[in-house]
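Letters A, B, C, D and E mark the chains in the order given here, with residues in each chain numbered from 1 onward.
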Amino acid sequence: MTDAPSATTAVEISAVDKVFETRTGQVQALDTIDLTVAAGEFVSLIGPSGCGKSTLMRLVADLDEPTGGSVTVFGKTARQARLDQEYGIAFQSAGLLPWRTVAANVALPLELHGVASGTRSTRVAELLEMVGLADFADRYPDQLSGGMQQRVAIARALAEQPRLLLMDEPFGALDEMTREKMQSDLVRISAETGAAVVFVTHSIPEAVFLSDRVVVMSPRPGRIREIVPMRLGADARRAARTEELREERAFFEMVTAVREALHSGSPVGTGPRGVETR
Amino acid sequence: MREDVVTGTANGTVADAAASAPARDLRAPHRAGRGRGRRELARWGWGLAGILAIVLIWEGYKLLGPADGVVIGDARVLPRTTDLAMPHVWDMLTRLAEPVTRSPSAQPLWAVVALGALTTLGIAAVGWLVGVIVGIGLALVMQRWRIAEWGLFPWIVLSQTVPLIAFAPIVKSWGSRVEIGAFEWQDWMSVALIASYLAFFPIAIGALKGLQSPDRIHEELMQTYAAGYWQTLTKLRFPASVPYLLPALRLGAANAVIGAVVAEVSTGLQGGIGRILIQFAGQASGDPAKAWGPIFGAIVLGLVAAGSVALLGVILKNYRRTEEAA
Amino acid sequence: SGSGGGTGETDGGGEGDLTPVKLQLQWLPQGQFAGYFAAQELGYFEEEGLEVEIIPSGGDIVPQDALANGDVDYAIAWVPKVLGSIEQGANLTDIAQIFQRSGTLQVSWADSGIDSVADFEGKKIGSWGFGNEWEIFAAMAAEGLDATTVQIITQDFNMNAFLQGDIDAAQAMTYNEYAQLLETPNPDTGELYTPEDFNVISYEETEGAMLQDAIWADTERLESDEEYQETTVKFLKAVIKGWVYAAENPEEASEITIAAGSGWGPSHELWMVNETNKLIWPSAGGIGIVDESAWDKTVAGALAAVNEAGAHLITEEPPATAWSNEWIQQALDELEGEDLDLTGEGFEPIDVTLEEGGN
Amino acid sequence: MSATAATAATSAKRPRPGRGRGMGPRTETTLRIVAPVAVGLIVLGVWQFLVSVVGVSDYLLPSPASIIEELILYWPSIVQATMLTGTNALIGLVVGSILGILLAALASRWRAIDQMSAPVVASLAVIPIVALAPVLNSMFGADSQFGRQAIAALASFVPVFINTLRGFRQTTPVHRDLMKAYAASPGQVLRTLTLPTARPFILTGIRIASSLAVISALVAEYFGGPRGGLGSLISTSAASSAYARAWAYVVASIALGLFFYLVCLALERLLQRHTPQARRRP
Amino acid sequence: MTDAPSATTAVEISAVDKVFETRTGQVQALDTIDLTVAAGEFVSLIGPSGCGKSTLMRLVADLDEPTGGSVTVFGKTARQARLDQEYGIAFQSAGLLPWRTVAANVALPLELHGVASGTRSTRVAELLEMVGLADFADRYPDQLSGGMQQRVAIARALAEQPRLLLMDEPFGALDEMTREKMQSDLVRISAETGAAVVFVTHSIPEAVFLSDRVVVMSPRPGRIREIVPMRLGADARRAARTEELREERAFFEMVTAVREALHSGSPVGTGPRGVETR
């Protein structure tokens, strides 16, 4: 976290604060956040609802501006990085445009940035192949299952070969079985593209399965409680994360480690009745 | 139909639609076609039955009801059944086929009505177009600047409480001063202008709702693509507004026709159905069935206008994929 | 439009050197305006070097306002309505009092006992509104009744309200609504109603009598615009010829108005032309001459009339410019040599048989 | 604990991004009031300027000042006329709304009625008042206010019917299942589920109908029936070129329409405090 | 599964088929399902999307009728059991009536069944106490977080002290941390009330944590693939399932067992690209 920003640094967040003005007063969403994501690295943000995961990711994407501190992406300001299309983004809801076919949805960013139609369709075909939806190019989103929609969204996020992928609970709405499948796909795709990934999730196994490092956050105000490195990724290449991993001992250990980081401070299961984590 | 727009509450979501997706994939095309055809047929059948029911009620009441209607206290709650007040349905229909007057050059009533209706349709179409331009223009301004929305919206609502009929002569009079180069204001333009005044309201409201309808996530996606205002407008806001805009346009069309007819009456424009309406209403004492010709004409005219816009919906069906099946 | 405002310009597009003129009627094309349509159809306007556009009106167009605003060059309107507009600031002059008599009736059923205006008290009295009610209020004022002593019902375009008993006495023009009654079958007999079925009060015979269809011109232009003055005389000459023609050829005149877009049936149209002729002819001083006593009576009635909202039609005498015989006299003089019956001495109304529904 | 709930509620109301960025909530409230007033004042100012400085003839376009004069001068008559037209509109609105709700209830219950009513309602929605007024006057008598009330009722009926019908179809499958699981009777379902679910839609329909009812009752006066309402007085005043007086009646009719609208809006807000739809814009 | 129905049998499903007639043809949702749930037992249904879990639960609730076979609840027909209010039910969306306060929502079934208002409010207070929402009685649903709303729905399902609780993915929309909390609460509540529970879920850890038995289903047509008994529950009372359990070895083993039952037949993670589990 103390590395100087460099070509090998994807995201550099330093001393970032974020305060929202609301009708009922100020909400301190983030409090002096420091975080560096290396190029090619897979970092997950985890924490209870309202701890500021999405807010942090939105600052990186320049969808919001920090109240204090600075965010740089590949050495540029967040704004410049957005204008330069340095990142691809995906949200919990796939956010496909319902009136566009699968192919047209994936083509959207290319279209907006004036990529010639020939190049565009080659690239789209390539992307759909990558996410395994080549046969569905002419379907409309409502003709796809939730998992397929999410894959289209991922293809769209990858359209311009970004070196950084921002994902806010992209699998949150999927059922557990589809979710596991998508995780494997994501591991494969991120290995193929070599992009750094900032991944927001609520699910510990998901974070553990996917990440090189898991950032555990705590709410009110949003702070980083702990950054748990995943030994899983240390010795094996990410692409080696297969389904079998999920049933391995090391996996359960990492899950337990993240659980404990999450619950440290508020002893597990003994909170007073009726107190919500959000 | 007016309300479609103004309520225009969220239609089904992508997620809802996705839930039924597998079934869609399995659909055997010809079967589905036949099923839809049958349903469509049933719809028309019941619709016809509805009209028939009205006819039966009309004639039944005319047969059984007292000539002077049913009066409770001071109010006549059920109508008179005299031929003057309620002509027989068949009289109204056969009257349509007879010539307007005894004059040897007279055309059949239906032809006169149809010609008038067509004229009015043309004027209403121009009014509708103006309404579309103004309505969408206002919606764009209000969508772009919040302050414009706050400043204008109440007045747009207020505009619909203005009894337009009081202004018809003024519109005509002001219009008659307009002369720019070779362009000279025609009286029918005043009528079209008044029609557009009624048409623009639902369109402005519907378009605003539609332009504001994209999900936050879609707006942000465009932001992450560093897409500018126009790109966002053409790629996102306009397509997303289609489900809101279509009912608004339909309502606008119906309003344009109503406005055109009233304005024709009010400004005395010749050639349209409004003029025929008052003309024949004036002859209703001696020829009660005749007055119904233009009334039916006005209804058909309104339905045709609204229906043509519905055709637009067929063309734009891909933009309505999230609409729930009505 | 500009061309309306600039009658004097002889730029006449297309048709040689015709001066464009706009005439605003006070209702849809019909026999009531037969003289103007005849003048147009028979080329009388053209003979005078005018190209006249006859503009019909509908429910809400106020002809004198169209004139006051410069939209048109001349307008046909009832005198009392224009007196109101003049008091509100319009600067108009009655240049030809075409109708010498009031054609307004108040019709009630023969057995209703409404034989005079005094009998209106407590009754439901029909009127079309739109300024057509002032004659009623004036006549009532002369009988010491104010507007609140009756219930005024707005009549719509037909006589059904009266026929069905919603109105005790309905307003009717001799040339139009009265005919509508006579074109309606009596459900009891299956035959058309006859004059014997009705009691008719003619406002012409009451203190409320007011002058009706007159041709109005813009006072200022009459005073200062020479071309307008010339045009006015030419216009009046053609109009006079048109009305003389209508008096002598009511059938042809009614065919002309039908062709001009009147939607009435032939029998009704003929009736209307014939009754209109009766309101014009005979005209002792010549057609269009304002009879000063009738004018004064109209002004007196307008001053006396108060509506149910307490509004007066006018509160002071109209200016002297409100009427002038100068132009019509000039027109009559110029026509003197021609073989025209300008006073209607020899006028004989015809007998018209009304058909059911006016068809 | 209360803080938690408050946060949950706030986040549900998060402002949309991009618009009004950096504008405090208080500034927003102020601007929401100031902006329309400013627009109104600008229009009034331009109008008065046109009349008094540029010199557009006061004859055609009376100045706001002269309209106010007439308003004061004819106040009793204006109040009386407003009451008369207002009563007609109110009766029409109430009757039309009741009919609309009842028929919508039937149509939502029986598909056949829905499909049978479709062409009739579509036709009613496109009939101009000029066509209907003389017919209604003949049928129901020109000496009563019934014709106007019927026209106001018809005008109200259409939006109320369509909205209510949509409202009745808004019950979610979860809620319907729940009611079935509770073995609730049809009456109970109507009372506890269907009506409350449809309520915001019904109220929206009535709100839309409110100003329509006023306009329709007023315009109907142009085409027959007893005199004394705003419509007949506007026409009478305009016919004798008393435009300032006509405008005074027009102002009264705008006020009446606005009053109806605002009352319905207030009613809607009051009854909908606790349904998410209530936060929707008018 | 072969026990005869008795007073100790909550639900008896035998040879149940369910075929849906759709516009596009027939869908066989369930195929000869046999299942018995003992009184007080906690049974979870798990399986990929579309395998008929919800359909099965709806048959028990008499929200749908089987095409073949029979369903009895406490020895009665499903219909009779519904009319007698033998079960309480909760869905994925809390399904609260937005115009009713929390208390009024919980009171709804009591109100519908004519419980006197005095008794009603006592019972409501009791229930809100049980789900830890006593302080929120006068709030409206939109003022609550998702987890709190779901607790209100559970309180409502318990209002009439049913001996059977039917729950269709009640925690599906909650974030993982809130979800774990709710699971603990549910364990406690079901122990307190002694009700049998039929619980539909997508989450293996959830099913494992909660259940006495996990019913693993397979799709097209919906069949029961395996019923996995949870040894966790065999020796310990359900209420003993504390948060610590989640980090125990036995827990991971059970999770693995259910995973394997689920994936048996279709080898984990090797399905052809683009083929969805739904």
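Here is the rule we go by: a residue touches a chain if its C-beta (ideal position, glycine included) is under 8 Å from a C-beta of that chain, and two chains touch if they have at least 3 such contacts.
Source: prediction; values computed, not measured.
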Q) Which chains lie in contact with each of chain A and chain C? A) B, D
Q.
Taking contact as defined at the start, I'd like the list of chains shared as neighbours by chain B and chain C.
A. D
**Q.** Most widely separated chain from chain E, with each centre as the mean of CA atoms
**A.** C
Q: Could you find the two chains linked by the most C-beta contact pairs?
A: B-D
Q. Chain A to chain E: how many Å between their CA centres?
A. 32
Q. Taking each chain's centre as the mean position of its Cα atoms, how many Å separate chain C from chain D?
A. 41
(Q) I'd like the Å distance between the centres of chain C and chain E, where a centre is the mean of that chain's Cα atoms. (A) 86
Q | Chain centre separation in whole Å, for chain D relative to chain B (CA means) | A | 18
Q: Mind pulling the residue numbers of chain C that touch at least two other chains?
A: 59-60, 62, 65, 69, 156-158, 160, 164
Q.
Two-or-more-chain contact residues of chain A, please, as numbers and ranges.
A. 63, 145-146, 274-276, 278
Q: Provide the list of chain D residues touching at least two other chains, using ranges where the numbers run on.
A: 1, 4, 8, 17, 60, 134, 138, 141, 144, 222, 235, 238
(Q) Which residues of chain B touch chain D once you look at their complex with the stated criterion? (A) 1-4, 6-7, 9, 42-43, 46-51, 53-54, 69, 74-76, 79-80, 84-86, 146-148, 150-155, 157-158, 160-163, 165-166, 169-170, 173, 216, 219-220, 223, 254, 257-258, 261-262, 265, 274, 277-278, 281, 284, 288, 291-292, 294-295, 298-299, 301-303, 305-306
Q: Please name which positions on chain A make contact with chain B in the complex.
A: 61-63, 82-83, 85, 87, 89, 91, 93-99, 108-109, 111-113, 140-146, 149, 173
(Q) Taking the touch rule as given, give the residues of chain C at its contact with chain B in the complex, in rising order. (A) 1-2, 4, 27-29, 55-62, 65-66, 69-71, 156-160, 163-164, 180-181, 183-185, 187, 258, 261, 263-268, 355-359
Q | chain A to chain E touching residues, read off their complex | A | 48-49, 132-136, 145-148, 175-178, 180-181, 184, 202-204, 242-244, 246-247, 252, 256, 259, 262, 268-269, 271-278
Q. Can you name the residues of chain A that touch chain D in the complex?
A. 21-24, 27, 50, 63-64, 274-276, 278
